[in-house]
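Got some structures for you, see below.
After this come two complexes, each holding chain A, first together with chain B and then together with chain C.
Showing the complex of A and B:
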């Protein structure tokens, strides 16, 4: 049996939790800026704290733990996991600072180099783990492809940073922003969350449900849609054609919703815990950015790009479904990792708490409430251009991040107890 | 298939105190124990078991828990645990009693 040591996983969780806290502090302090244009230093800093510090770091950490489960084999190298952490941890902090002070000189360039180095190391680790494994499955293919798109995203991001000072590309960096963002959102986050979710959600629901055909269709729609999007973007063909990738990605999300609904219907476990409820809510929340995107395309065809729609679109991805699934899944994975660390030697002797008892269910519950109300408040505030709603929403999201970290540190600091 | 000698029945009862951490069900009702043979002459107990997911992060702890519980109940026995994924565990292997608990 192969499991990845907690030492290669836990630092990613800690970093991600603190990044979420930093992002919500920045969101609260800069809530007023969400009524202006999205290309602002503070909004770029918040977006990259969420996308890289929060979303990517926790996925990298959980990925190192999940690879053995997905490929039914060993992680290729623990050392590479540590190296990947070092590069990305330093690089992301430097990048966020560079965006915050908007210095696209050496801080941003070195940050991009470090992040790219960390992502290359992760990609090699995933690739070699799969190559070494005797078993193949669709979820491993999702993970490898998603890691490839992440690398594409970070390389593109690095080019955009260099383009600020060196004019490497035919257009300015702002022009390529949506290309860079969508490769990351769709190719990395969406593909990976659907791939891993298709394994974990039926597993935690205790549902005998598998549908590889449906998952391959989703895989084809996401990758096909993204490739078509890149082609249309780079060849500046008729904008209406953007409807093709939109339909592909929307269909993939609907099919994944159907997949989860089927798993939910045939589940044996009737009562769902709060962690699973939040994870399933994340699947429903995947539809929200699509609605804002459709609204954005309609306004784009008739008038000009509606900045509010762009902000709401980005917000409902990073602070919406992505955050919801991380909040839920953290407490379906981390307690087991910590339990293994603390109680492994006493396994079977009795008198140990269950993994679920290592964190506070009440704190989780309040965290989920803060998240849901804060999310609705902030998204509503952006759409209605209501400063009070965005500030209250940001405060509740900050509360959510504090409570999340309280529970994460409660887990990390857990000491052996005899019941 | 569980080979039910008298001591095996007792050992299975002992294993009802080893729980799957995710479902809260004991490993017997969870259907993780495929065979349990106890030889009173040689003082050897062989357990053939599985896990709900291959290479699950909790897998080694569950296996160690089974071994630890049997070693505690039968200190004079040699306990040998073998883990197999043939056949792979599926939800139908949960006992009727276990399914009832999960449906509550």
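Showing the complex of A and C:
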């Protein structure tokens, strides 16, 4: 009971894994473009493959699985889960293609409509599940709020696309890019990852740790900071005021770091597996984009925005902590979903493998190494404008994506084995 | 068009609609194909090999009747599929009455409807250890293949030319019987620890408290005792922890929201 059928969840994981592969292929083939301006077709295509195809799709999949666990009730509708998959899957592919060939006409507009429809369906499904369960749960509130910000982001994205062909907004689309991006990064990804992580990280560490007060503070800081940011942005007051939302978000991240550290200290499971190590590394990596952002604001105050800083900032978010936590958490969730599918019918017999044995630990280990070195190489290459470093970094990230998919498909194709 | 035993009836009908009459003339069993609804459903699922079993005719009948319509016989591939269900599985022999669920689909088919959804619905409600018997006028080979993919074994007996009984059973159940010798089933294990059980109930606890409670109880579990847990679901995240502690477990799903868990030392 309270488990969403694997049929509604697994397609999201598969899509996300393939999107990660596509993004790293694009990253490798376009590594040279990372020395120029960030507002160009191929980088927009890569960013949206990562943000939507990889990050959002896996969160939607895991979200459908997690909601019943969080609210101790059933998902409102499995049908809506399928529909949201259909809309987003088609919409995201179309959008990435539209960016790649830079056709902001019908392909991009239909893509935006489909993605928005998919997100609305997801939002309604989460909302109705919570309303029906009548059980208050802080993580579910994080998820619902984050889904609301996601909708805000995709609506804004849709408007920006229309703004390319029709003059809808007072300024050009480039002007609103940071608004669109930050609502997505902070409101959707950061809020959701912290919300879900605050439940999953103590759970996998087997830590009897709870601190709702701390989590509500984080919730207030992120949402407050984001609202202040939007206000400052739309009213173009002094750039120095951007320090306020920055301090809010930075404090939220530090508080979440403290939360994880506390959980880590009281954990029962002494030895950490590779998946948990990578997930905790992701929490530490959240600081990196903050450093680039501070650097960016300092340069912004003196001269104009440094494009290198913007590229590094975006890269350390999407290919940094977000990817790290997905790489780790995939193998903390998917094996259990597959195990349930394959073995629950004969769990009474004994002789079933452990969920951890359904994927290769060795492949995971090499994937993690490729990721870490590839990430450092590419980020370093952007900052130092070193084409060789970005190319090698991109190649390692591509290797990481291949290994990730190898393990995901190994899981999916797992057949009942007797021990 | 080249045809062989794996060619779908639907492909043949699509290639040349006149083949319908030729096929119907082979066996009265194929009269069903005249009904457009049944045709759509059955023809898409059945291959020539399956059809020859259903119609009680040989593959050669198809080749000779279809030859004038421009169909030529292709190379025969290995015909292994039909061989495997000869011996009555031990499971079926030892069935008690409550383990047998009977479904007669003859009236449904006679009414011109597709019994598939009814069968699938029935098979879903099948409890562990239960067997579904389907009464029909032909051997439902496509269904047997479909359910095989879902983990069901099948065994069919032709009682006369209008009556076929087919049994479907979970392959996992036959595993249970093989397994019993090696590691002991739920029942055996429960019997073994009957007087040495410690019981906890974690059904009312919110995640992740069930896991903590179980692990704490395991830490205090005296030597030679087993832990019996009332749970709402199979606690998948607990399983790796059990493996780390070299503990073994058995699970019994009592209902949709009730699972009994037996944790024992290896």
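Just so we're on the same page, the second predicted complex is superposed on the first by the 418 of 419 C-alpha atoms of A that agree within 3 Å, B and C clash if a C-alpha of one lies under 4 Å from a C-alpha of the other, contacts with A are read in each partner's own complex, and residues count from 1 in each chain.
Keep this in mind: contacts are C-beta pairs under 8 Å (C-beta built on N, C-alpha and C of every residue); 3 or more make two chains touch, one makes a residue touch a chain.
Because the structure is a prediction, the values reported are computed rather than measured.
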item	value
Superposed partners chain B and chain C on chain A - clash or fit	clash
Partner chain in contact with A:413 - chain B first, chain C second, else both or neither	neither
Touched partner set for A:351, first chain B, second chain C, both or neither	second
Which of chain B and chain C A:65 touches, first, second, both or neither	first
Steric overlap of chain C with chain B in the superposed model, located at which of 24-32, 42-50, 78-86 or 204-212	204-212
Touching both chain B and chain C, residues of chain A	1-3, 69, 72, 203-204, 206, 208, 268-269, 336, 339-340, 344, 346-350, 354-356
Interfacial residue positions of chain C with respect to chain A in the complex	128, 151, 170, 172, 175-176, 179, 182-186, 189, 206-208, 211-212, 215, 232-234, 236-237, 239-241, 243-244, 248-253, 256-257
Chain C contact footprint on chain A (complex, rising order)	1-3, 69-70, 72, 199, 202-204, 206, 208, 268-269, 336, 339-340, 344-351, 354-356, 416, 418
Contacting residues of chain A [partner chain B, same complex]	1-4, 65, 68-69, 72-73, 203-204, 206-208, 268-271, 333, 336-337, 339-340, 343-344, 346-350, 354-356
Residue ranges of chain B in contact with chain A within the complex	17-19, 21-24, 51-69, 71-72, 83, 90-92, 94, 99, 102-104
